[in-house]
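In what comes next, chain A is part of two complexes: it sits with chain B in the first one and with chain C in the second one.
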Partner chain A sequence: MSTKKTLMGTPMSDRIFNIVVYAFVIGVMIVTLYPFLNVLALSFNDSIDSVRGGITIFPRDFTLKNYELIFSFSSLLTGFKISVLRTVAGTIVGLISASMLAYTLSRPDFQGRRFVSVYLALTMYVSGGLIPFYFLIKDLHMMNTFAVYIIPGLVSAFNVFIIRSFMDTIPYALQESAKLDGANDFTIYWRIILPMSKPALATIALFLAVGQWNSWFDTYLYNGSSESLTTLQFELMKVLQSTTSGNNADIHNPNLTQVMSTVSPESVKMAITIVVTLPILLVYPFLQRYFVKGMTLGAVKG
Partner chain B sequence: MKAITIDGERQVRGDKGRFWRTFLRNKYLWAMSLPFVLWVFVFSYYPLWGWTMAFQKYKPALSFGEQQWVGFDHFKTLFHDDTFYQVMRNTLAMSFMGIIAGFLVPIIFAIMLNEIRSMAFKRVAQTVSYLPHFVSWVVVAGLVTKMLSTDNGAVNELLMWLGIINEPIQFMAKGELFWGIVTVSDVWKEMGWNTIIYLAAIAGIGPELYEAAKVDGASRLRQIWHITLPGIRTTIVILLIMSIGHLIQIGFEKQFLLGNNLVRDYSRVLDLYSLEYGLQMSRYSFGTAINIFNSVVSILLLFAANGLFKRITKESIM
Partner chain C sequence: MKREMKWSGLVLTTTLFAGLLAACGNNNDNAGNASPGASANPSATSSASEENLAPLTMTFYSEDPNPNWTNMQDEVGKVLTSKTGISLDAEFAVGDPVQKSSLIAASGEYPDLISAKQSISKFVDAGAVLDLTDLIDQYAPNIKKVFEGQMGRLKYSEEDPAIYVIPSYSTVGQQYFNAGGGFELQHRVVKELGYPQIKTVKDFEKAIKDYLTLHPKDENGNPNIGLSLNADDWHMYISVTNPAFLATGGADDGEFHIDVDTTEVTYHFRRPEEKEYFRWLNHMNAEGLLDKESFVQKYDQYKAKIATGRVLGLIDQDWDYGDGEKALKAEGKFEYGYGHYPVTLTEDYKEASFWPTGFMAGNGVSISKDNPDPVRAIKFLDYLASDEGQVLMNWGIEGKHYNVVDGKRVIPEEVNNRKVNDATNFQKESGIGNYNLLSAHYGDGVKDPTGNYYTTSFPEQIVAGFNDVEKEVLAAYQATTWRDLFPKEEEFKVRPWGASWNIPVPTESESVVLEKKLQDITWKRIPQAILAKPEEFDKIWDDYQKELLAADVEKAEDLREELVKARVRMWSE
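Let's look at the complex of A and B:
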């Protein structure tokens, strides 16, 4: 290979090209990772020492105090519990809903197939907007409830269509032979199609879990005044916003914020940021193969 | 004559009978989809009924029949509000900046990744680049604020070390920098994720094209220019057209989380406008008018995008 290149007469420009490519990609990796590593280092560094500055990606005065401190705030513990709960519940319920609906739409002999597809697809483009939706939640008495985290986002057309396009690739003959054996449509879905759709389900489970874990605006809008239902992201949002020159955040109870102004705001912020980021870091690399395929499939088909 | 009528009648009855027979045969499928059809109606279609609020002087305590109707008054107020034009300027500015940067950077990055020969390194680079996509905007806003901060923020430190500036810049307090900060943050967050689609398109280009170019002595830069870029042109065009439909729907999370009182004149976008001037000030009717404007313009843009798409590719994206 290398001798061939020399014969072509372009080894030098090729080498420069390679250097540029690697430099660019390594540059991107540094820019992507540095903020996380910097925050990680600061979260493990003594808060008074941090003020001196100069900390890059290693802690200078190692301590676990920042983490001990944040786990002593009851609002953060509640937030953590609620965030985990909504992530688990929202993912399971959302996965079953989306896959069930997707299965009916993948059945060529389902008479409602066309109507339901169009009916669902329209929701991707039509939206009532913030205020009508707010009043809907209010009228359904879902303000200050845990249900508001699960029910309104139950079915997303995008997810349904991704699962459906995967199910379309499963040979229909499998279902027909099951039917001959007397299986009903639900059994076919549960016993045959679901186990075979694992790659698509893994992708959607990741999207659902990340969406649930990361959302904060529903808490802000519907559950902000209910202390037992706030989420970790919302608590982090309040802490972060409290110091950026008086933002929208201080309309709710400033409990943690007050404590923080007396202790070590920066280090505590960093520690919460890491706690919020860590679960995602532990999950997504293992599902990479699936979501890359899922995204490509979804983009090609719909 | 008579025979035909009877036949026709039988045909109709037969159709009806067939509908119900199919319905019965599909009973499990209907049972598995009807609950969601109902759910979609409540959470996606019913809120459209709330649009009536924009034509009323809406008071939450009154029933629908008791509301006072005001016609297009709220829309007139909206179109005479100076804030509205400021909001539109901010929305469109950040939208266009986002589209330009959000296309260029991932395309360049995807091409670079594709040129890397070491599969292991390529995979690590991709995994790292996907990370910010999965992190919430709350966290990203925190990181951006930290990196741009005046005390020990990495960007200020770097610029000072390079001798470009003498004292730290207050990035988050300067309105004229806000659009740029939002655009860069967005690119930072989604750059890696958006390469997925381009890399898939590049993978679809036949390797024989590259072989032929190599035989002809084309450098790798020329191969990118003459093979890779034309190979993903269709994908780029499709995505560009689709982004027209979302021109004014740019969300509000980043603006909400990165913004503050000092930069409000540059950070307020349509959704924030309806949140602040509608919900938080309890001017529900006015806020709904903003929502309607947002939805209607989006639909029109979507139709425009679809029309454009049809003319170019003879296919429909809707």
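Let's look at the complex of A and C:
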């Protein structure tokens, strides 16, 4: 019952609550932002000086040499091209296929609705494992192709269910009235449901885009030897993991002195990390407004 | 109506576009892959005298990472392609190589050349690699010359004497001209104490203690540290556990000690001498001479600490702490650099870093059964093993990376500078160092017919690389390089099995699992033993030994002994 009104008009308990929330959020912000600023600072710092440690959010010995070095790697340019290509293509195609399936599953008059939903849900819990999947890709002749980035991961059950839940909130009356006006299923999907599902689509688009941008393991497994199909993340991985893996036999590698002397210095690794993360970082703010819109849109519906 | 067409048009375009890219990706690689039509006829009809130089691309997979690979577009690579017509489409493992190797071995489709290191057993079991005995005999005179007298060591096993691997990691005739291991002390420490004898752990300890009494803090008021250990993950082997056998007269045979006369195998932590070594480390900790953070610091924290110049002593290899020392040298603090000393537990032991193994064979390159032209492949590897090829790979191109002055090969100073200070870029541009693991080659100290060394690591070059402080310290100990302080190879009996960590372990063997379990126990107990109070050391050690026995250490020893004995039998034929 502490509704002691202050001069401002807000009760004391509210103000304390606000302060606590702000403090917590600021704390989280620092914790998440600091490592990134640290990486940024290290990337602008001279490599020998970086070894001395102690760099926090400002570079101590500013240099652009690390970035100069990176931009001279021709493989990064190819990687950039392919990464952008697969992100854009993968996202668009993935969105369309997921939303189409979601629409089908949201229609109450679809006979196989329950069966397909259960079947799809199963794939979220069970998978064949790495080796059978590898064989499958090989047998489908998708090794060393661009298609292996898009086609195997085309439909994700998780995405489909999210979009479907959103579509379920759209009143069925809209679809019925459209049918009365002579629209077929595809028209309803394309001209009515899809535009109304923008918030859900934006969310899934972001998941897909980030997923496509960040994946390197599929490049490693299937396109490892194709110079022309390398992705930015794979290049980053190669540079970051250039030290020996720590196998007991590895430490006896007589070439070790030479191997270790050509390991990229910390600051070069940091610079590549920044270069690889920056594009997706720049795209994110533009998609963010759809989230905000999406939060409020679903609440008010006639 | 129009709007609908525009949308569906967009969908169709996107899908077609994706499909087009798929086709594009395929085409690009088809053009690059080996086209058997273009190359000459396979082995059946090729005559030995006809040199086929038609361009042929082979795929190559290696378990070792190489971020400096440039698709043979570097200077040396281009020369190699022009001499043999072969270019390599290479793929290097990223992260855990064993996973990738297992996938490739299971897939049934193999790269043309494979460097599988310890995973070779998987490929042999899958029938993926060819027996190279006849190919080497008929088409590889240079490889035969390099391995003269040692061809027996290339055999895979007693049951399967085929040659699957051309060893490229172990070198022939290797001589070590410098020492990068042992125990390290900063130059300023030995200088100020008047260059005392540093032969035993007691000498080492005394030097550190005396210097700390004189200089407990550095000029900024930060405390100096006596000894810091590098225990981050696998670095534990280098800095904490391997020195235990090296300092007690045990050679490096991985986690096992093998008696050179009886071939009896013991898990090396069970030796009583090593108990005393770890007791000494415990004592160092009790005296406050050991860095308290040794077992919690990460690798870059360790290097940063070294870069501050406050760490007086190390037990490590030069390539492991090198970055830290480089930072000190960049500031001109040459007296803060480290010298290498052959420290042992007591005067009774010989420091065993250089216990000779003879030619070790082991890891190298295999030719897979999917290779379109094994004859050209072996000829390519043979060229790399030839005198001309080895000089090309090690020294580079005459006139560019080295000059011949009065019959001697000399590296110009700017080139050497780049090699040391701009190593990554230099390797990418020149290609020196990119091809060394592809074929047989001689080691340091072996001279070619022109009287020059095959490699760029030889006494004069090494001495030229020392700075003035290092030369001063070496002179005070009557040595030219750090190697001179260590026992000579002649003082040891050559190990008839080479090195135990080199022996391929059959896939069905239990060794791998057992040894991992033992390693987990060791990595937990050793730090515990070192950091405990001296009174508790014996109890912890006894518990540790009991735990090892419970984990079947004797079975691991027996399994390993079988492998070692088999190799001794095979190699002594």
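Criterion: the second predicted complex is superposed on the first by the 227 of 302 C-alpha atoms of A that agree within 3 Å, B and C clash if a C-alpha of one lies under 4 Å from a C-alpha of the other, contacts with A are read in each partner's own complex, and residues count from 1 in each chain.
The criterion applied here is as follows: contacts are C-beta pairs under 8 Å (C-beta built on N, C-alpha and C of every residue); 3 or more make two chains touch, one makes a residue touch a chain.
Bear in mind the structure is a predicted one, so any value in this text is a computation, not a measurement.
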item: Which of chain B and chain C A:210 touches, first, second, both or neither; value: first
item: Which superposed partner A:177 touches (first chain B, second chain C, both, neither); value: neither
item: First (chain B), second (chain C), both or neither touched by A:273; value: first
item: Touching partner for A:169 - first (chain B), second (chain C), both, neither; value: neither
item: Which of chain B and chain C A:131 touches, first, second, both or neither; value: both
item: More chain A residues in contact - chain B or chain C; value: B
item: Partner chain in contact with A:48 - chain B first, chain C second, else both or neither; value: second
item: Interface residues of chain A shared between complexes with chain B and chain C; value: 51, 53-54, 130-131, 134-135, 237, 241, 244-248
item: Contact set on chain A toward chain C in their complex; value: 48-49, 51-54, 69, 85, 89, 92-93, 96, 130-131, 134-135, 138, 143-147, 150-151, 187, 190-191, 220-221, 224-229, 234, 237-239, 241-262, 264-266, 268
item: Chain A - residues contacting chain B, complex; value: 8-10, 13-14, 17-18, 21-22, 24-25, 28-29, 31-36, 38-39, 51, 53-55, 97, 100-101, 103-105, 107, 109-112, 116, 119-123, 125-136, 152, 154-155, 184-186, 189, 210, 213-217, 233, 236-237, 240-241, 244-248, 269-270, 273, 276-277, 280-281, 284-285, 288, 292, 295-296, 299-300
item: Interface residues, chain C side, partner chain A - complex; value: 3-4, 7-8, 11, 14-15, 17-19, 21-22, 24-26, 28-29, 59, 61, 64-68, 71, 89-92, 94-98, 100, 103, 106-109, 111, 117-118, 169-171, 174, 180, 233-234, 237-238, 252, 254-255, 300-301, 303-305, 307-308, 318-320, 322-324, 326-327, 330, 363, 423-425, 427, 433, 436-437, 499, 501-502, 515, 519
item: Of all residues in chain B, those that touch chain A in their complex; value: 19, 22-23, 26, 28-33, 36-37, 39-40, 42-51, 53, 60, 108-109, 112-113, 115-116, 121, 125-132, 134-139, 141-147, 151-152, 154, 157, 172-173, 188, 191-192, 196-197, 200, 214, 217, 219-221, 245, 253, 256-257, 259-262, 271, 274-276, 278-280, 284, 287-288, 290-292, 294-295, 298-299, 302, 318
